[in-house]
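The two complexes that follow have chain A in common; it is paired with chain B in the first and with chain C in the second.
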Partner chain A sequence: MSETPTTEHSTSDHPEGNRKESRHNTEDYRPKDYQAGADYLAEYNAEFPLMSPKTDLTRWKIGPFHASLPASMILNLVLDGEVISRCSVETGFLHKGLEKALELSPWSSLVPYADHLDPENAVFGELVVCTAVEEIAALEVPLRARVIRLILSELTRISAHLSYTVRLARSVGSDTIVHYVLRDRERILDLFELLTGSRFSLNFLRFGGVKADVTEGFIERVLEICELIKIRLKEYNDIFTYNFSFTRRTYGVAVLPVDMIQKCGITGPNARASGIILDLRKSSPALGYDRIDFQVPIGRGESGALGDIHDRYLVRLREIGQSIEILKQLTEIIPPGDFLEKKLENDIKIPTGEAYSQVESPRGLLGCHIVSDGSGSPNRVQFRTPTISNLLCIPELIPGTRIEDLPVVLASLDLGIAEADR
Partner chain B sequence: MEKTLLSQHLNRLLKDKVLEIVPFGRSSLMTVWIEAKSLLEVSRILKEDPELCLDWLENLSVAQLDQMFAVSYFLRSYRKQNSLVLRLSAVPQNMKSKIKIDSIASFWPMGRPMELEAEDLFGVHFEKTKAEKLEKSEKQKDDRASRDGGDAIREGEFQPKLLPSGWGGYPLRKNYVFPGRQ
Partner chain C sequence: MNTLDASAKLWTSEWCRALGFLDGVPTWFYFFLALVFTYCFVVIPSGSVLSYLDRKLSADLQARVGPNQAGPAGILQPIADFLKLLQKQSTEKSNWREDVWLSIHTMALYSTLAVMPLGTFALMLDTEMSAFLPFWSALVLALGTMLLGFSQGTVPGWFGGMRIAAQTMAGSFPALMGLLCTGVRTGSFQWSQLATIQGFSPLSWTVFSNPFQTIACLVFVTSGLVLSATPPLDGGLSMSDIHGGVASQLHGRKYSLYRFGRFYVFFLWSVITVVLFLGAWILPLEVSRFLSDKGANRILSILELILLLFKTFAVMLTVIWIARVNPRSRVDQITSLAWKVLSPFSLIALVGASLWMGWRNLG
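What follows is the complex of A and B.
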């Protein structure tokens, strides 16, 4: 933890008495060498006095490791009393050289490495890599394998959104719901273990299919957990969603306007919470959702401000409900047949070519550009991660919010620093 | 927009600035090859054209093929179903020197962090336009971080720093030698 508060006025040369006399004259007590916040200081907001400057500006540097941050990053804040007036973000502390490691590895090692793109949503890293390689090599994926992939994807989406709920609940200090949600998330991790043998890094997808067929009783347990989560969603609403102490912290806070979303390229639930209907599951039939009947939840502005923290939370909660509907339909349409086109050897070679694949991950649009030069390992693997856009909006989104809301705002953006730093 | 129509429209719109229009791999995307010097002009046309309306830079990818670096801009439209890949190539003077390409952040601000990543990892320096440089220098007058010197970043910015300052070499280049493996 490193917090280094310093005051700007400590470097100024005006006398204390002078400042007292000119308390309401911002021109006089402003340091002579200070111009950056001139516009900010000049605007007094009568409707929201807290938004108006009236104290010394303080600088805080938070990070790279701090309890209020969702992951390792540095926030440089300029505080006016308890209100954040400016902010900058710096990341890169989790850079593990994933893209270089993928270039140096044989093709068969791509899937286990891709797990580590975003450990929380491991399946989507695998899926985006497999889809790109299958496009280059023109590999057909059997229908049964496609459905198994979709089942895993939707289970991961539910698990990711439950984790999001936990992080958001922790940031507002609500401990009860954390235990409720983690209990249910464990059931989904149990399902991963049943199918793949792992709970996090699944290493289950293969080029042209999946590693193994579904185990006995898996489909029945998926249905069982769908029913369970559906009941639990009502429980979450009773305990947390409309709890006064939660709504007070989230209604109308950190509203993401549509123009900021388009400027930063934000996708996924964060964009949908602000009313933008953008979901690859609907717009890209190649992902395999074209035979599934489901809706794309978008923000409704129930708090009076479309795109605030509460909308972002509600959209994810509703997405869990839709994922349950998708899972139910998938278990009905799963066809018999092969789960892998053909078992590829360890020293496989993918033909020369390139592909750019996209999937709708729980955080937003995840893309992967792979270039192959026909050798035993890829020439280039590059990821387009949704968190980059979410981070880009922070310096514009945070100014104007109070310092105690900072952890809630950061948690509400669902930042996956592992995938941003790669 | 359908492939043939898109191709005709681009040829009409960009005229001699297009070097080649080819399919992108096996996908339905089109790759538009241009010269590096016409990047800003082409970017402006593609963004402002009402039929294309390519207002979203979804991805920026750099790949090294032998001595040549290919920079790909994956462009999309928020309002329409249009998308294409804009691509240019550049060759550095030697394999240790930086490559200079114009920055497209003034057209697509979401591309700036991706440019900074490519600069760190590939040594491709995306130069800002004169107007952006002027704006930056004016802001820096007020910025205490830049006055103090050091690595502090400017206020109001998001900056991915994937390498420590002073790191030797560009790790994603093919000739990169890992420290301790000379």
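What follows is the complex of A and C.
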């Protein structure tokens, strides 16, 4: 890659600066001359052309829909040959307005709406909302319900990490592992169906418990599938993880340094892959993992570069293994008793107050701030989603990689655009 | 031209005479018939059989079912696909540059039909230069594909075209060296000579004649994949970042034409590999002698063709098997493989094979 020239720009010259200023102008919120890397060309030295930085750069605007993008977003790339020398991201194409929708809906509709915060990890959206509301209303959750919630969370974590493997494998063009992994993920969705009646949008958690008790044979099936996935993890390693071509595509590519993680606030497996031990399941006993014996896998830098794509992938594979351990222990300690403190009315009113709750979702730290003014619907709902941080690091992480690696890097960051465009 | 006339007449004229007409037609007509015949009755059926086998086998590898609706076990799927592709129309307005380059690249591609070795009697151009002609065609094909990509005026087209050109440049040197190795053993580059020096038994195949020829065969096959951008070494046609590169702007029938062209290069390369290294079409000596004594040249050429295609499919399916299981390599990794690994090994093979032959001749 060519040397990136670093120069100071005044705010008004900088395209991003212009953009911020004109945000409020609805007619033309984006300046006409806005182009990624315009400042690159501003470096051109007319007197000594050969002294100028590269001028034969290509601009490529990808998106909002493209095969190399994991979701709807626009990437403005400046290419130096095949190497990306500059990159900027635009998101916000989903227009979900989820937070506003939650504020306008009654309390009883919060849980089904929260499913759609991140459709792939529906349980965590429900969980974070329920924990916040329970804190405001001081609702006690029965122990049995807490364990059922944890079982669902860990199953979702396994399912999410399996889908991550699928996306990564697709991005490097490996079809076979995709089908193997999807086949096993179906088994977990079967479990969701057995427990809740639906496979994706579960709508199963309730304020103060869960909607229903576990169905007959569910615990046995969970253990069965834990054993199955444990065996399958070895198969994945044989066919994919240490495949020569795959390691060549991932070793040392798109390394996330610790300072970038701290600057962008990256959490979850992406941070742990770079060696940062940061897991709410360990650090926050309120989540209920304090009685469980498990480890937090962190990146080991087997490829020689700590925090590259392969580390991010391996951390997730190991987390699947740890989730299996957690599930086994949960099935042992699940106590008898109620699954719901008391069934709440449809037009329930939550007392005045506010609360901030956090859970460790498969993508990282997921937070929810709810303000209640004692009326029939929340006054304010805000989410802190891990994908926002992952998006923030893209403009610094991508430059220097080749465009063939772009889909792989994006897949490795595990972007859930649904929760970023909430 | 005399050999050309003679050989072209030899096998097409027999088939024509059996039909009871076409006596005394000019040679070029026999030649033309031979091309059409080869394309319609060898290349296209091979394409359909192989596409079926590919889909069914990769479905088995990937724990899915594969085609199972058209006919028993989905065996009519290639026909259904063919009919569907025929009626597909382009969704975009025609771009004349694209049309021009697509036709040039298709013409360059199928000109190799004339030198395709398919049996003792199915050799149209059997000259000292025959074995080199597919290289010329592959290079023209790369140029055509590159310009096809450039003419599209899109980023995927540019990068796809450039990558194809880079891969072809990188792959052709080791492939050429691999071909020279077989020439060292044979002393000629005529298809008939290259084939008849081998026998039916694998022990007499060029690939097992000495260790250097084995290296040469591996290099030849691998560099053929690089050269023709065949999976798993198809970084130039990467699906995930540039939508398949040059193919990204092609629609409907044009896309089918392009894809079939890519299959054809793969097929051609596998046929050449079999002829050069893996015993060609040579039947057991007794069988071929018995049939030619009886004058049953047509049966003989059919049997030869079956054997040749059987070996070719084995080679192709092995490659497909590897491609299904492995991720796609990046284009810079592919070119560096070709320049830094395949090229040195091909030189080692060439020097080694030459010394081996010299030593044997001395002894």
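One rule holds for everything that comes next: the second predicted complex is superposed on the first by the 367 of 422 C-alpha atoms of A that agree within 3 Å, B and C clash if a C-alpha of one lies under 4 Å from a C-alpha of the other, contacts with A are read in each partner's own complex, and residues count from 1 in each chain.
We take it that a residue touches a chain if its C-beta (ideal position, glycine included) is under 8 Å from a C-beta of that chain, and two chains touch if they have at least 3 such contacts.
Being a predicted model, the structure only gives us computed values, none of them experimental.
*Asks:* Have a look at chain B and chain C on chain A after the superposition and call it: clash or fit.
*Replies:* Aligned on chain A, chain C fits beside chain B.
*Asks:* Is A:Arg183 in contact with chain B, with chain C, with both, or with neither (first, second, both, neither)?
*Replies:* Second partner only, chain C.
*Asks:* Just chain B (first), just chain C (second), both, or neither: which does A:Arg146 touch?
*Replies:* The answer is neither, since A:Arg146 touches no partner chain.
*Asks:* Could you say whether A:Arg402 touches chain B, chain C, both of them, or neither, answering first, second, both or neither?
*Replies:* second
*Asks:* Which holds for A:Gln262: it touches chain B only (first), chain C only (second), both, or neither?
*Replies:* In the superposition, A:Gln262 touches chain B alone.
*Asks:* Per the contact definition in the header, classify A:Glu354: touching chain B only (first), chain C only (second), both, or neither.
*Replies:* It touches chain B, and chain C stays clear.
*Asks:* Quick check for you: in the superposed arrangement, does A:Ser171 touch first (chain B), second (chain C), both or neither?
*Replies:* In the superposition, A:Ser171 touches chain C alone.
*Asks:* Give one of first, second, both or neither to describe whether A:Thr58 is in contact with chain B, with chain C, with both, or with none.
*Replies:* After superposing on A, A:Thr58 lies in contact with chain C but is clear of chain B.
*Asks:* In the superposed model, does chain B or chain C contact more residues of chain A?
*Replies:* Chain A has more residues touched by B than by the other partner.
*Asks:* After overlaying the two complexes, what is the shortest C-alpha distance between chain B and chain C, in Å?
*Replies:* The answer is 19 Å, the least C-alpha separation in the overlay.
*Asks:* Let me check the overlay on chain A: which residues of chain A are in contact with chain B and also with chain C?
*Replies:* In chain A, nothing is touched by chain B and also by chain C.
*Asks:* Hey, which residues of chain C end up touching chain A in the complex?
*Replies:* So the residues of chain C in touch with chain A come to 58, 61-64, 155, 158-159, 232, 235, 238-243, 324-333.
*Asks:* Applying the document's contact rule, which stretches of chain B touch chain A when the two form their complex?
*Replies:* Residues in contact with chain A: 24-27, 29, 55-59, 61-65, 72, 74, 78, 85, 108-110, 112-114, 121, 139, 141-145, 152-163, 171-172.
*Asks:* For chain A, which residues count as touching chain B in their complex?
*Replies:* Those residues of chain A that touch chain B are 8, 34-36, 59, 76, 78, 86-92, 95, 97, 99-100, 103, 135-136, 138, 262-265, 353-356, 365, 367, 369, 371, 373, 379-380, 382, 384, 388-389, 391-392, 394-396, 420-421.
*Asks:* Which chain A residues qualify as touching chain C in the complex?
*Replies:* It is residues 58, 60, 67-68, 82, 169-176, 178-180, 183, 239-240, 243-246, 248-249, 402-408 of chain A that touch chain C.
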